[in-house]
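You will see two complexes here that share subunit A, one where it goes with subunit B and one where it goes with subunit C.
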Partner chain A sequence: MHPALQGLLTIAIGVSGCIGYFYFSNLILDRFIFPAKGPNAGRNITRANMVRPWLFLLPAIIALGLYLAYPVIETLRLSLTERVPVPGGGPGEYAYNWVGAENYVKMMAEPKFWEAMRNNMLWLIVVPAFSTAFGLLAAQLTDRLSWGNVAKSLIFMPMAISFVGASVIWKLVYDARPEGQEQIGILNAIVTSFGGEPQTWLTIPFWNSFFLMVVLIWIQTGFAMVILSAALRGIPEETVEAAIVDGANPFQIFFKIKVPQIKSTIMVVWTTITLVVLKVFDIVFAMTNGQWETQVLANYMFDKLFRANDWGIGSASAMVIMLLVTPILVWNVRNARKEMR
Partner chain B sequence: MSGLKLSNVIKRYGDVQVIHGVDLEIEDGEFCVFVGPSGCGKSTLLRMVAGLEETSEGQISIGGRDVTHVDPAERGVAMVFQTYALYPHMTVEENMGFGLKMNGVPKAEIKQKVGEASRILKLDDYLKRKPKALSGGQRQRVAIGRAIVRGPEVFLFDEPLSNLDAELRVEMRVEIARLHKEIGATMIYVTHDQVEAMTLADKIVVLRLGNIEQVGAPMDLYRDPDNKFVAGFIGSPAMNFVEGVVEEGGTVRMPGLGDAVAPASVALPAAGSKVIVGLRPQHIRVDPEGDSHTVDITESLGGVSYVYANAANGDRLVVEAREDDPMPRGGKVGLSFDPANLFFFDAETEKRIR
Partner chain C sequence: MDNIAGSKSSLQWAVQLSVIALVLLWLFPTVGLLVSSFRTADQIATSGWWKAMFPSEQNLVIRAADPDDEGVQVQQGDLWVIEGNLFALDGRSQGEISVWGTSSREIDAYAAGETAELKDGQQLTVEANGDYRLTAPEQMTGRGQRVFLTAVAPPEFTLDNYHSMLLDPNNSEGMAKAFFNTLTVTIPATVIPILIAAFAAYALAWMDFPGRAILIAIVVGLLVVPLQLALIPLLKFHNNIGIGKGYLGVWLAHTGFGLPLAIYLLRNYMAGLPRDIIENAKVDGASDFQIFTRIILPLSFPALASFAIFQFLWTWNDLLVAKVFLIDASGETTVMTNKIVELLGTRGGNWEILATAAFVSIAMPLLVFFAMQRYLVRGLLAGSVK
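So, the complex of A and B:
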C-alpha cells in the first residue's frame, strides 16, 4: 500500500476508534450499567455521572501510565542496576545486577558529566533570559506598528522549524572554509570582509556553547513574543493613560506599569523556556555532538545510553535531568493554573 | 488653581470630525459637567483637555497658559477614570504617590501629601492594601486620591460613578460634591446621567454630536432650555412633546393634549404652521372627569406616580401625579395644565420659540 494512503488509513482508524470508544462506553454506561429508568432512575443518573469523568479520563490515564509513569520507574530501576551479559548466553541476553548508587558515584567522577552540568546551567541562565527579554521587546515594539503583524510572523516563524532543521541552518551560518576560499557562512563572510581571519566558531571552547544557545534563543523568542504580546494587550489601557497623566515617561510606563502587570506571564514564559532548555538535545547533537566542551546533560545521556551502551549511567543521568526539571514543572503548572483563575 | 478656556476646538480622526469647534470658558473653582447621550463627544472633549487625545485645531488654555500641545503631565490636570485605572501591582499608598514620584518629589513630601489625601477620603486604614482588596467605592476614592495628591489646577472626571451600584453612586456623588467644596478646585465632570449633572454642577454643558447645545447653570437649563434636545435631556422624567398647530390670534391647538387651545406670548410662525409643544410631567394634572386620554400604565414610586397616558392621535404623555392626587385606574382621563408652563419649539430647527 502507498505510505500516504497507509497514513490516512491510520488516522481514520485512530479517530473513529476514539469516537467509537467515547460513544459506546457512554452508551453501555447509560443503557446497561446504570439505566436511567426503573425504580432507581434518579440514583442511577447520579452514579452514571460520577463514573463518566473517569470514562473520559481512562484512555489518557492508560497512555500516560504506559508511556510516562512506567518508563520513569523503569529508568529509576535501571539507574540502580548494572547490565552484564549472561556468561555463555546468546547475544541480547543480559543480567541486571543491583549495584545501588554506584552508577551515580561513577557518573559524578566523570569530568564530562560536570562539563554537561556546567553547560546546562549556562544554558539555563542565558537562553530563558534572552528569549524572554527579546520576546518582550519584540512584543512591545511590534504592538503599535502597522506592519507589526508581519514582523511578528517573521519572528514567530522559527518556532515552526524543528530543532535539527534550525541547527542545520545555523551550522551554515557558522560555517568555516580555509582562508582564501570564499566563505559561505555569513558570520565568517562578515569577519573576512572586515579583513579578519575566518574562525571555526563551533570549536572555540566556552564561547561555542553560546553560539549553540543562539539557535535556541532564535527559536524561543517567537514563543515568548506571542504569549507576552497577548499579555501586553490585556493590560487595561486606562492604567497606561493614568500613568501618562501622572507624568511617567515611556520607559517608566513600560517598566513600572506594564511589566509588573504581566509579571506572572513573564514568569510562566521564563519557566516554560527553562523546561525546554533543560531537555535540550537536538541542537547540541546536530551541531557539535558535545565536542569542544559543549556537552549538555541530554546529549550526555544519549551518549551513555545508546553509544556506550552503558544503561546504568545513562539512566542515572536521565534521573538527574528529571530531578532538575520536576520542581520547575510543578511551579510552572501551579502558576499557569493561578493565571487561569 | 485656575480656569480653563477652549476656543474653537476641533477633533478629527482621519476624515471624520467628531468635535466641531467648541468654545467654552470654565471659571476658576467651577464645577462643570459635560453631559449628553453616548457618542456626543463629551469624553473625547475631556480627553482633549487631559492631553490624551490630540487637538486637531483650536486652542486649549488652562490658567491663561496655552496647553494645546503640552504633554498631559505638564498641563496641571489630574484625571479620574471610569474604570478607576488603579495600578494593580501597587498599594493604595503607592498608587496615590506614583505621580509625585514620577515628578521627582522627595519621599517625605509624598508621604505627607498622601497622608493628607487619605485623611480627606477616609482611606487611612487601607494604605497598605492592593486595589484588588478594595470595594468599588474604595477603589474610586483611591483614584480620586491619586488626583488630589498631585494638586492639579483642574480635576477631570470621566464618568467616575458609572461602574458603581446605585446606592454607592448616590453616596459617592455626595462625596464628590463635598470634596469640591473642601478643596475648591476647578473640576470637569463627564456623565451621561442627568441627575449627576443637575446635582453636582455649577455649570452644565450639554453636548450633542460634537456640538455644544447649551451651557448654563442647572436650573437655568431646566427652566429655560434653548432647544428641544436640551429640554428633553434635562429633567426626569423627560419633558413631553406634542404637536401643535398655530391658529389665528396667537393661539396653538394641541391635538395631543385633548385638543386644547393655549395662548402663546411668543413670536409664533404664521397661522396653520406646525410647532412642537413641550410640557414637563410635573406640570400636568390628571383630571379623572375627562376622557381625552387612555391610561396605559401607572408607575407608583410612593411619593409620586408616573401616569402614562395615550392621546387619541397617538401622542404619549407622562404625567407626574402626587400621592394625594386622584388616581386613575386605567380607562379614560383628561389632562389639565397651566399654559404658562408650555414651551414652544420650531418644528424644523427644534429651536425654542421665545
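So, the complex of A and C:
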C-alpha cells in the first residue's frame, strides 16, 4: 500500500478509534455498569464519576508509561547488562548478562567519553548564556520600536528551521577553499579580505566546538527573545516611571529595575535552553559527526548504539544524560507543585 | 513615557542601528543559502553569493559559431563573413564587454569595438554589446573562434536546481520522495497526540479525583526526560510486537514523545477557562463527555493550534526519531533531514545541490511559521512563563 494512503488510513483509524473509545467507554459506564436509575441511582452516579477521570486518562497514561517512563527503567537495566548473542540462536537473539557497573567503568576509561563530557559542559555554559543574553538584548531593543514586531519575527525565524537545515546554512558560512581561490564562505572571505589565510574552521580542535555552538545560539536566541519580551511587557510601568523621575539613565533602568523583575523568567529560559543543549545531536551529527574533538554526549551515545552496536555503554551514556537532566526535572516539578497550591 | 525616554535621540538612533545590525546578522546566513540555491554550480564556485545580487565583472570564454554549421557562413562580395552575438551564443541575456582577446595569454588585448587581425587574413571585431563580425578572404573551416571576454554581466538566477531536485524522476538524489515521506510521518504524528492529550488534559483540569496532583507532577517531570533514553528500549519493544522499523513505529514514538507537552499546554489552558460556564452546563444536565466536546474543545482552539504547530515543526524537522524508528536498510522510507545529512557526506562541496535540498525541507516550516506565528508565540508563553 502507498505510504501516503497508509498515512491517511492511520489518521482515520487513529482519530475515529480515539473518539470511539472515549464515546463508547463513557456510554458503557453510564448505561450498563453504573446506570443512573433504579434504587441505586445516586450511588451509581457517584461511582461513575469516580471512574470517569481514569477513562479519560487511560490512553495517555498507557502512552506515557510505555514511551517515556518504562524506557527510563529499561535503559537503566540495559546499562547494567551486557548484550551477547545466544549461542546457537538466530541472528536476532541476544542474552542480557548482568555485569554491574562494568559498562560505566569501561565508558569512563574511554578518552572519547571525556571529550564528549568536556564539550557538553562547554556547550552547557556557552549556549544558554549567549542565547539568553542576545535574547534579552533583542527583546529590550525592539520593545518600543515601530518595526519591532518585524525585527522580532525575523530573529525568531531560525526556530522554524531544522537543526539539519541550520547545519547546512552554517556550513556554507564556514566553507573554506584553498588559499588563492575565491572564497565562497563569508567568514573566510572576510578573513582573506583583511589579508589573512583561509581557515578550515570546523577542523580546528577546541575552537570548532564554538563554531558549532554558534548554530544553536542562532536558533535559540529567538526563543529567549520571545519569552523575555513578554516578561518585559509585564513589568509594571510605575516602577520604570519612578526610576525615570529619580533621574536613572536607560542603562540603570534596564539593569537595576527591569532585569531584577524578570529574574524568574530568565531562569526559565536558561533552563529550557539547557535542556535543548543536553540533547543536542543533529548539529554535531550533520556538521562534524564528532570528529576533530567536537564529540558531545548525545552523538557519542548514538555512535555506541548504532555504529559500535554496544548497547551496554550506549545505555550507560544515556543514563549520564538523564543524570544531568535530573536537577532541572526536580526543579520544574517543585515549581509546578508550588503553583498548584 | 515614550516621550521621556525618547528625549535622548542619539540613543534612539543607536537602538535603531543595533536592531538593524542584529536582524541582518540573523538573516545573513539563511539568505546566503537561499541565494545559492538559485545559482548554477559554476556561479557558486567562482564567486561568493553576496556578489550574486549585483552586476559583476566576469571573465568569460565564449566560442563563436562553428563555420562548418549550415548557414553560419555567408559570402559578401569577396569576403566570407560570420556574424552573431557572443552573449546569445552563451545563453546569456546581456552584458557589457570592456576588453577582449583571442588568446588566454592576452585576454585584454583589444578594447570593445576594436578589430583584431588573426591568422590567414581573418579579422574579428567585437562590440561592447557582444555583437561580433568575423571576416576571412577564403571559406573558413574547423571550430569556432574562441574569444576571451572581460564583461560586466547582470546577476543571473536559475530554477534548474529546484527542477532537478524535485521534478526530475531520473535524479536518484531527488527530494520528491523524501518530501512525501516526511509529510507521511508528520500529519498522523501531529493529529493523534492532540486527541489523546485533550481528553487527559480535561480530566486533569476539571475533574476531581485522588492522585490528580501527582499525575500532573509526573507529566511535568516527563516533559524533560531526554528521548535518547527511549531509543533502545522502544526499538526492542517494536521489534518484539512485530512492528519493526516503519511508519507505524515512528507515529507511535512521536505520539508518545509529544504527549507530555500536549497535556501540559492544554491542561494549563483549560484550567484557565471560566468555571461558571462549566458549572452552568453541569446544572443543565450536561455530562462530562458533552461538556468536553461541546464547550471545552472549541474554546481551547488556540491552545490546540499552538501545540499542533509545535508538534508539526518538531516532527518535520526531526532526524533522530526517524533514523531510529523509521529508516531501514532499504532507504525507501528516508525523510528529508536524513537525505540532507547523506548529501552533506557525499556531496559536501556541491552547494547547488545542498542549498536546494535544504530549502526544499525548510520551506514548509517557514511557511507555517510566518502564517501561524501568533499561535506559536502564545504556546511558547503558556509553556514557559510562570
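Definition applied: the second predicted complex is superposed on the first by the 320 of 341 C-alpha atoms of A that agree within 3 Å, B and C clash if a C-alpha of one lies under 4 Å from a C-alpha of the other, contacts with A are read in each partner's own complex, and residues count from 1 in each chain.
Following the convention adopted for this analysis, a residue touches a chain if its C-beta (ideal position, glycine included) is under 8 Å from a C-beta of that chain, and two chains touch if they have at least 3 such contacts.
Values in this document were obtained by computation on a predicted structure and should not be read as measured data.
> Kindly say whether there is room for both subunit B and subunit C on subunit A in the superposition, answering fit or clash.
In the superposition, subunit B and subunit C stay clear of each other.
> Does subunit B (first) or subunit C (second) touch A:96, or do both, or does neither?
neither
> Taking the superposition as given, does A:238 touch the first partner, subunit B, the second, subunit C, both, or neither?
First partner only.
> Touching A:252, do we find subunit B (first), subunit C (second), both, or neither?
First partner only.
> Using the superposition on chain A described above, determine whether A:261 touches subunit B (first), subunit C (second), both, or neither.
first
> Would you sort A:186 into first (subunit B), second (subunit C), both or neither based on which partner it touches?
second
> Once superposed, minimum distance in angstrom between C-alpha atoms of subunit B and those of subunit C?
Minimum over all C-alpha pairs of subunit B and subunit C: 5 Å.
> Share the list of subunit A residues that count as touching for subunit B in one structure and for subunit C in the other.
Common to the two interfaces on subunit A: residues 241, 244.
> Which part of subunit C faces subunit A closely enough to touch in the complex?
1-2, 4-6, 8, 11, 15-16, 18-19, 22-23, 26-30, 32-33, 36, 44-50, 180-181, 183-184, 187-188, 191-192, 195-197, 199-200, 202-204, 207-209, 212-213, 215-234, 236-237, 239, 247-248, 251-253, 255-257, 259-260, 263, 287-289, 292, 313, 316-320, 323-324, 333, 337, 340-341, 344, 351, 354-355, 357-358, 361-362, 365-366, 368-370, 373, 376-377, 380-381, 384-386
> Which residues of subunit B touch subunit A once you look at their complex with the stated criterion?
50-52, 71-74, 77-79, 81-90, 98-99, 102-103, 146, 150
> Which subunit A residues qualify as touching subunit B in the complex?
236, 238-239, 241-249, 252, 256-257, 260-261, 263
> Inside the complex, what are the residues of subunit A that reach subunit C?
Residues 3-4, 6-7, 10-11, 14-15, 18-19, 22-23, 26, 30, 49-50, 52-54, 56-57, 59-61, 63-64, 66-72, 74-75, 78, 92, 134, 137-138, 141-142, 144-145, 148, 151, 153-165, 167-173, 175, 182-186, 189, 218, 221, 223, 226-227, 230-231, 237, 240-241, 244, 250, 264-265, 268-269, 272, 275, 278-279, 281-282, 285-286, 298, 301-302, 305-306, 311, 314-315, 318-319, 321-322, 325, 328-329, 332-333, 335-337, 339-340.
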